[in-house]
Amino acid sequence: MSGNTFGKSFTVTTAGESHGLALVAVVDGCPPGIELSEADLQLDLDRRKPGTSRYTTQRREDDVVKILSGVFEGKTTGTPIGLLIENTDQRSKDYADIAKTFRPAHADYAYTQKYGFRDYRGGGRSSARETAMRVAAGSIAKKVLAAKGIQVRGYLSQLGPIKIEQFDWDQVEQNPFFSPDASKVAEMETYMNALRKEGNSVGAKISVVASGLFPGLGEPIFDRLDAELAHALMSINAVKGVEIGDGFACVEQKGSEHRDEMTPEGFLSNHAGGVLGGISTGQDIIAHIALKPTSSLIIPGRSIDSDGNPIEVITKGRHDPCVGIRATPIAEAMMAMVLCDHLLRHRGQNADVQCTTPVIAAEAE
Amino acid sequence: MSGNTFGKSFTVTTAGESHGLALVAVVDGCPPGIELSEADLQLDLDRRKPGTSRYTTQRREDDVVKILSGVFEGKTTGTPIGLLIENTDQRSKDYADIAKTFRPAHADYAYTQKYGFRDYRGGGRSSARETAMRVAAGSIAKKVLAAKGIQVRGYLSQLGPIKIEQFDWDQVEQNPFFSPDASKVAEMETYMNALRKEGNSVGAKISVVASGLFPGLGEPIFDRLDAELAHALMSINAVKGVEIGDGFACVEQKGSEHRDEMTPEGFLSNHAGGVLGGISTGQDIIAHIALKPTSSLIIPGRSIDSDGNPIEVITKGRHDPCVGIRATPIAEAMMAMVLCDHLLRHRGQNADVQCTTPVIAAEAE
Amino acid sequence: MSGNTFGKSFTVTTAGESHGLALVAVVDGCPPGIELSEADLQLDLDRRKPGTSRYTTQRREDDVVKILSGVFEGKTTGTPIGLLIENTDQRSKDYADIAKTFRPAHADYAYTQKYGFRDYRGGGRSSARETAMRVAAGSIAKKVLAAKGIQVRGYLSQLGPIKIEQFDWDQVEQNPFFSPDASKVAEMETYMNALRKEGNSVGAKISVVASGLFPGLGEPIFDRLDAELAHALMSINAVKGVEIGDGFACVEQKGSEHRDEMTPEGFLSNHAGGVLGGISTGQDIIAHIALKPTSSLIIPGRSIDSDGNPIEVITKGRHDPCVGIRATPIAEAMMAMVLCDHLLRHRGQNADVQCTTPVIAAEAE
Amino acid sequence: MSGNTFGKSFTVTTAGESHGLALVAVVDGCPPGIELSEADLQLDLDRRKPGTSRYTTQRREDDVVKILSGVFEGKTTGTPIGLLIENTDQRSKDYADIAKTFRPAHADYAYTQKYGFRDYRGGGRSSARETAMRVAAGSIAKKVLAAKGIQVRGYLSQLGPIKIEQFDWDQVEQNPFFSPDASKVAEMETYMNALRKEGNSVGAKISVVASGLFPGLGEPIFDRLDAELAHALMSINAVKGVEIGDGFACVEQKGSEHRDEMTPEGFLSNHAGGVLGGISTGQDIIAHIALKPTSSLIIPGRSIDSDGNPIEVITKGRHDPCVGIRATPIAEAMMAMVLCDHLLRHRGQNADVQCTTPVIAAEAE
């Protein structure tokens, strides 16, 4: 029944639920000699943190991460890195009344069917709270990638019906939506306010891009780079679709239109999203994900209780009206993990991940 | 650099390239006591086989599969099943002139960058020929699932610009496109004829559905059922997008619209595609995939050769103008593998996969 | 470079070094519905704890374990169990003078060669301190096994030159050596006192036995029960040999002598140690391990420093003169992990690990 | 129930039983650009082949291996290597009378209890015939290691009561026992003739040595080099014990005696067997294994049939009176696989496994 470890060479194992004592993670396989501090991890954690704007859940968590092991004198040692985030705001009382009900579109029913019962406080393990550890672990992956000149960044490409039209990386961190289009922010604010008033929620589309990658990363046929990206991204709560490059637009494309022609100066387009045959081409890796609307609504919905009786469900408590808003750093973290894992599996050219050089003068016989 | 094994409890390992001696697979973890013959596997292999209609590649392969081990007196023994498909039609000469060129949108460039050189005959390992073994292995998974009353079926939902409008499972096997809409077949034929004349190719959308599943399958958080389905389906050649349930349509949905309400009689809708929190709900599992247009075109394209010189590429040889046409049995195979793998990892209710009962009268002390 | 996860279906991932903030572990795959408290884990931790007798290291650690997640209302939920043991006695100053020296027979040299530098405080990750988490995780495995009537117990079978001659399980917990032979305890005490005075150390032999097992556990050919036991037991610090059943005595045995004959009442002997063809026979599983003498000695030894200069090493600090003494609960933990992992991989008869029965009245459509 | 894949980065998956159509293997993760031919593999296969001397089973198998994929123009391509060995001498009739009986000390009983029935022809999957594929795959591992200057060799160190006393690597291949002591060969022949006449069998001890290794290989804590060697070696049929370096002799050693002191010129001894803290030290890796006597005897033994009735068993057919005799190349193969797998997982210094250099002039943008 295990399923809480991701990766092969760079592995991330997490534990912890919404209202337990703490979230914990073990990041294993990080190369030695990389500078790492808690402040490095806090940057992305703060980007994901709830309660920072009125458009996300009002649960307030400091999300302060502690590095318990694997770092010595400011550098990774090559041994596993233990991470801890304590849960400080565990208001369990809000959830007592849902202990025996199943919220429509929530994991309640599936979890109870699988395990026989469930930790009903705040969604337990199925809560998006779990993603805080993904973000912390992803920051370590980003540091490893940065040492090779690889950068992973994400942005909101659509919020419900509102699509971005202009693109400026510099805008992404300037608004609470991670929108690269500053001209849409006001519209998004208005939309979200109306949505909150309505007690409803909406979906979103997030895009993630890795740049600076060399060609040759990925292990066909089942461990293709794109397949593992799809795995990683689809494992994020609420994600229902993953595209690489042009994605579903390919269905109506002709071959002459889709193919990325090459010249001695490089590719002329990037419909493929940086992956061919499951292997990186050296172009930007581009992925898009669709997130469904949150299931926790104030609008009543039909459901059943654990005895099978029909009930009407209204979800109180603190929830995100659009989980997509906080999903950008999570999606970045998952892409970073996949790339870092593949980087450490990779042999041959560009395989050297910087490692402190051994200082031993005398070789063994 | 390994990456040719899929699954954890039901594992499929394949080897073999387009123009080698043979394709080979080891299917490990199949429960004992399941009736299995080569004829069982041949059914799906024949559905995938090239050269059966004028709309697919004219390469002719019998794709006759041999079971080398793991079956005794007509039943699986619980030991690994070895499979062999010999390559009979290996016309390598067609490919000699592309040995030093990179075809745009083909895996040539990525493979060469990764491995330093490549088996250029017919795409080598990156050829869709490899999928024959997936189909054979998937048929074994289907047999295991069938013993639990679970059925996996697929169909073409869109061919280039042509979308299906009517739906009849019985029609799917009645036309060369796996279209459930008989009324669209003539239009598809006309379209494909024009495409072939043009020397071009087009994308497609395939849908796969599993029915008869119980609730509770899937291992959160990283081994979610939907995440592993995304992995499996994205690992198919030419796939650029994966959706579970409503997929990208979720982006514009509101929560009140998306959520599947429940009554004592069951769910009232299936926007989720049968998975919540990474665990099956008991409803049909529904996935859609986008396949890009084939990269092998007669229309000239700009590219480079292995010395970096600009060249113009025209791909001769035998190719599929729409790889999506033959992808239906492949997508079914991958979904069947994922479900079978999860079924064998699953504990608790519904965990019993039929196994011949031991016949030993005397227990050990 | 990852390597800190053990198991496939019941996985144990650990992190933490001798003088870091804390040890941490994630136990993933534990079935739901099993009663579990911190007190359950503390029992075995206290058996392993240093400083409890004058024959072990005088480092004093309370080794208090916290369960951070995966348990709700006293029962496991099926989600991953996070464990934390804080390091309270971190006297790093003892180690400052060995930062640049390699102690003979210690992992110092190998770690530095691998990672380029090392956390030299108390052996860092190579310290036996890490085994505290194995013991905690092993206790969870023991609880799962107990629910199936399977018990894992260990004992000291040889301390340096002193072999046990009488056998009584009840004696094992009555002396600081885990000796089942009460008549040898005084001799062991005298021997250990002399050894400590000498500033030397000595090896030991530990035996572990699982009883109550059903026949049929184990997955040939590479995941044989005995092969994974060998892996698990050899992974314990200082272990240099593993035997199953008669072990190395088999070399001189004849087939007529070694084979365990069977009658309708059961086996007549157990030379095989409960495993044939990699699968359990239903008899007791018996394994023996050899532990080398500790490398940290007061007796000077020749070595080199990190510049390659010859030096003389004397190891001060707090050390075990016989690591074997505290190895009994560690060996039990590793055997319990292997058996629990195989139990959860096992299909067919006896596969049912008790899981709380789902309580949902209405089935999904 | 899967368990037929070994390794993480260099993986070997095998299938096939004693009397099926063929043995098959997939070797995945072999670096590209290594020269490989069927003749390379045949060398070791011929060393393991039955029927070459009167001291091994009289079953005659040519054991001709075919490379089905993964090699192009004489070099590995980096894609998976498919291997096939057809079973030519399948005299199943010898086994018909044991279909319903359990031979003492044979895997019959355990397999039947696990799977509910068994392929009784020649032991099915539990037959040592399966090891032919290990030897073929091991030869590929040896080629990868050889490219790094690492050599793996084995020898018989004890045949029943006869221990070798003199040591000469050059003698090992000069006699049918792989004995490095020519002076013992006549004694071994006499012993084996008497054993055969008696209808009995005997155990053996085999040693394997890797030389030319650099320090730093191995991934603590669970994937230690010694732990994975123990796993690999214990997975060989009939092996009941594994030692690294001094092994069980450590139990009576003192620390001052066991420790390998170091000087600027290197280590002064190798009691550790080349591994400290689970990581290679650069010294020779030394392992010893104990093989039990074959269970197939002409001397009658008490057993039961599948109805639980008491029976007397005499095993006819063709068997090895000492399985240890042919185990030397198998043990070498397993050690080679472990080292090759660790070599390909290894990062940092010495991580470069020769890979054909990519020849692409123009980099992607």
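As written, the chains take the letters A, B, C and D, and residue 1 is the first residue of each chain.
Here is the rule we go by: a contact is a pair of C-beta atoms (placed from the backbone, for glycine too) under 8 Å apart; a residue touches a chain by one contact, two chains touch by 3 or more.
Heads up on the chains, UniProt names are A, B, C, D = Chorismate synthase.
Predicted, not measured: the structure shown is a model, and the values here were computed from it.
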Label of the chain whose CA centroid is most distant from the centroid of chain C: B
Relative orientation of copies chain B and chain C, as a Cα rotation angle in degrees, nearest 5: 180
Chain pair with more C-beta contacts, A-D versus A-C: A-C
Between chain D and chain A, distance of the C-alpha-averaged centres to the nearest whole Å: 44
For chain A paired with chain C, centre-to-centre distance based on mean C-alpha positions, whole Å: 36
Of all residues in chain D, the ones touching two or more other chains: 1-5, 8-9, 14, 31-32, 79, 109, 113-116, 125, 215-216, 220, 262-264, 281-282, 304, 308-309, 344-345, 347-349, 355, 357-358, 361-362
Interface residues, chain C side, partner chain B - complex: 8-9, 31-32, 79, 215-216, 220, 263-267, 281-283, 344-345, 347-349, 351-353, 355, 357-358, 361-365
Sites on chain D touched by chain C in the complex: 1-6, 14, 102, 104-107, 109-111, 113-116, 125-126, 130, 158, 160-161, 195, 200-205, 214-224, 226-235, 237, 240-264, 268, 271-273, 275-282, 290-297, 299, 301-304, 308-310, 345-349
Interfacial residue positions of chain A with respect to chain C in the complex: 1-5, 7-11, 13-17, 20-26, 28-33, 66-70, 72, 75, 77-82, 84, 109, 112-119, 121, 124-125, 304, 306-309, 344, 355-362
